[in-house]
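Here chain A shows up in two complexes: once beside chain B, once beside chain C.
Then we have the complex of A and B:
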């Protein structure tokens, strides 16, 4: 099957199934789909789509990096939140001119996320705790720590909500979209080049294709795990830093968790087989579906949850036809 | 011997097509009652397809199957076994945790008032074992049996179902020479009581030794058939490959130089006190092939792991004057180790990735594939093309997925990759397992040429004829220890075979 058909057939199938659901609720499917498309990409909607796409694509890339070697980082939420809270603390307390503070805050986010994800890698390498478990379980204390910090030491005294004061150091916005978008695009570009053109990227792919072959060829898996997890966590931390340095310029407890950036990002990375461009496209597509869903809800009374159904159906069809989840099972 | 009529098995004009392949092209096969009939052919010649048709796994597109003169049609192996046709597959289908009896009766258990009648089962199995002199104990757990005996359990399963026609697919691949001899004894006895044996094999000597008649397939067609007594090894090989093959050529000895590789006291502890590798010391010189003979599972995997660094071991290894102790796999490779592993698909390659990527592995951090830190696409392509051409790897191109190549071509590609390193020391495991006769010749010649170019080669193989054909010295590994050492002149089928079975002396 050609690549185009691999995508086109499941998309068409999902649209047809969605149309049947819409008809069953007495809605004109064309109107609903039209509302999704114009809501996602029309002049009023494109800003929302991009604003949502920045964290989703960022997290998708973060999780794609180890996934390329067959390693799953389930701790994206913890790394994201830790990056955000570290950037916030630097932004609040480190003195200096605004731009310097922004850069230091971004760096702090990257370092915090990278270090925390690396800890999970060390757990696997040294203690034999599978990465799947070490990343996921380390995520909870990180989220709890951030929740504590923002309720007590870093709380906005004038507010009753669990949120920090606003930062004065900010990433500028263009038409409501954070300039952090350029940082995310840059990260994806770097990932794409490393993936396609460097020995390190090659070793990562070999490990993903056949781990025993990689070991035979002398690829040091523990070292690779550590590096990939650090890169992954660093990217997640960067996404967190970008989030607090953009509107509303503060850390609000749960604000980075509720929108499901991490899990939608993980889905995008899984569907694209962690390829850099594919991951980006899938992430933007899911972001568009979500912001389009809000628009559809406003225009047609169809609840936006329908887009979640569409998304789920689409993922199932994509997975079934492309066999992304099948490869391992066939070998066994 | 004269052929009793009618034939026990008669396949007429069998045609079986798979998408893009004509696997069987009007194949006729006649097997008389009480006959041991060998079916030969290279990989992909259509032997397995033909046996699957007879065994009910595939329906033929054309042609008829007759048993004892009566036309039959099987929709499943269950129908075939009901009609008296049974097959012992290459990988055994046994439950390790269950006893011999339980394995044998599984699927058609004797019952009493709806419950398993253990007494009747044991009595029936015991009787079969005694009648056929299979020397099994009904109560033994299959897990604890050596491979040769497990195979007999498979045969016993067929006898329990009263199969008159027994198909055995490459039955000797996992056996020691003495075990092979005993298997042949069992087969002869079964034939003597009028059962019909169909032996699928590519081993010429065995076919000549045990069969009454032989049929050779090539490219889905019968390329030779007749009484085994009228055949020669060379003739059968030519019928299999379609050309003259230099068979069982014992390559002349090399001229060993200085010691390149030295291992001292390699030890791998086992689970219950008995080490898997027990104080193994050996040396390999430049321009020398040292063969390690032994039945699979006697420490070969541990020896290989100890050398490559994939396994933590006791003892020391010196390669090219440099100690490898504590070094990583990569550092060992950098020190001068190249390695053709036993498991082509899981360890030696990435089947889903392209030939190009598979061939680049190991060279991907060195010039000319890398310049200024970046991989060069053109250099990777050239590197792959050069190996594909030099080693005659048949593939649709460098982009073809490794897993789509035939076993022989995968092996040639892996050989090409590892030999291209030009490393002073080459570790080769089972170089021709599952590889066609034609490719075997090619691979053996490559190994000898590599030796003659001054490289040290350690050859680990369960194929005794291969060890004898290539080695300048032969070591025998038995239960984790080196129990015997032979020079090229001393080593022969008998002496080495005896040592492999533990009868060193």
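Then we have the complex of A and C:
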């Protein structure tokens, strides 16, 4: 019972709160919720949901990897953007046939993201700056650097916007969804296998459950931190690379930040306790909510931001109820 | 390069961060990890603009901002104290909630998208001898010694720090731990409300989506760099404000804006390294 109730109670509470907000704006809550569901999963909306789910699930996985060991990577935005701009530079300037360029661009994204996140791990391991702070602080200069590159050296000369020229090397699309979705699914599958079946996954989980026991058992925390952050940043960089290699095939300043992929991904990872499958499910659920929000806005004129409110409220209620259950379990 | 107006623009950049960082320091001292400062600031911004717009008085706007941000901080207070929820989850979620909620409200209340401003929206105006600064700027500076005295020279501060360092011991001495934790979170919310009001009605008068742009996170960093001491937090926030203002200057001599945007974060990171190195050297080997 407890697992069902653990999810059902917060979901119901969030829906009730959303209904109150909707009534306050003079909208029928059932009509609005209906529009969200049909918009997210209907024949017109499912493509949007999947397209949005790719970056959200990718970032959720990226942030779940260190979270499994209790380490919070707050610098996903910087790693994402750095991966994107590196992939863009490779795609623009490295000669060669299209598919080779795509592979090199993806690799560049992974390497850039991984190296940058590893730098944050070095800050904790060697310089005593907590990971939470080092990842966060490094994120902003990365975003500034990408903003600079796309305004000057990598700018599309024919446009007044801060955006790059279009890439000729592209990941193909199927019905408006990038084939990068297979890469994201593959990363999640690899994460799931490592998490469930390998010593590295076990060491990670033990560190998450009981850091002091893990240290006593001889797990080298600095080394683990470095590896987990590199994997995390590499995944974030891959998501960025997939983003520029997909529609609109260019880097636009702010386009990866404004939709809050990173923060929604972090929420999904937190919600699922960083378990691979749970993180994926939570990310797809949030993506569906967001794309359903656009449909709701078209159908009922209720601002789509309502779904962002629902997401956050849901997490708050979940955090609160999981605390209650934790406490009850302790008492029992 | 360095003159009075540099300090004036540093002050402007500093004030919202300082208010939020003082809030964070207060919470830290009582053992509450508060990363929801960003959201509280943003709610404060919105409350300030809404209050000023509907009453025509910027100061009622400030009061509304304080009430709104204090009420908003109840999420962290109730979530972490009554329900024992994880403060990081609650913080990240309530920051996202603030973005969503204020974007929702700006469209339903003001009927515009993105940002709201109007020539008749009342700002805080100028006060005192330093040009371009509002009363809240001075208030933020006064809050530093006031909090330092409260924390280190008043029985409340002693109990508050006790709650942070050894909650069980404090509790056994008859200190109501829960009450102190509520107190610091709500007081922190009020401080963030003041910071938000300064941001939205100080040097500009408008509300824009996500206008806090990471200032609440910088405050979290300032708490760490300043070791949660009001004076240390002031110095950390000042360092950040100066780096930002100095960056604006460097744009004048041709440095790209993005380089100077990044400067405060890099400076803060370097300061963190240096303070750690110094501390390590200070310890006996």
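Here is the rule we use: the second predicted complex is superposed on the first by the 322 of 332 C-alpha atoms of A that agree within 3 Å, B and C clash if a C-alpha of one lies under 4 Å from a C-alpha of the other, contacts with A are read in each partner's own complex, and residues count from 1 in each chain.
FYI, a residue touches a chain if its C-beta (ideal position, glycine included) is under 8 Å from a C-beta of that chain, and two chains touch if they have at least 3 such contacts.
If you're wondering where the values come from, they're calculated on a predicted model, not measured in any experiment.
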| item | value |
| --- | --- |
| Touched partner set for A:123, first chain B, second chain C, both or neither | second |
| Touched chain A residues, chain B compared with chain C | C |
| Touched partner set for A:134, first chain B, second chain C, both or neither | second |
| Partner chain(s) touched by A:152 [first = chain B, second = chain C, both, neither] | second |
| Partner chain in contact with A:219 - chain B first, chain C second, else both or neither | first |
| First (chain B), second (chain C), both or neither touched by A:210 | first |
| Touching partner for A:202 - first (chain B), second (chain C), both, neither | first |
| Residues of chain A that lie at the interface with chain B and also at the interface with chain C | 327 |
| Touching residues on chain A, where the partner in the complex is chain C | 21, 25, 72, 74, 123, 127-130, 133-134, 136-138, 140-141, 144-145, 147-148, 151-152, 260, 263-264, 266-267, 270, 303, 305-309, 311-313, 315-316, 318-324, 326-327 |
| Parts of chain A lying in touch with chain B, wherever the complex brings them together | 197-199, 202-203, 205-206, 209-210, 212-213, 215-220, 327 |
| Chain B to chain A touching residues, read off their complex | 308, 310, 328-333, 339, 341, 343, 346-353, 357, 360-362, 364-365, 370, 373-375 |
| Residues of chain C defined as touching chain A within the complex | 75, 78-80, 82-86, 88-90, 92-97, 99-101, 103-104, 107-108, 214, 217, 220-221, 224, 256, 258-259, 261-262, 265-266, 268-269, 272-273, 276-277, 280 |
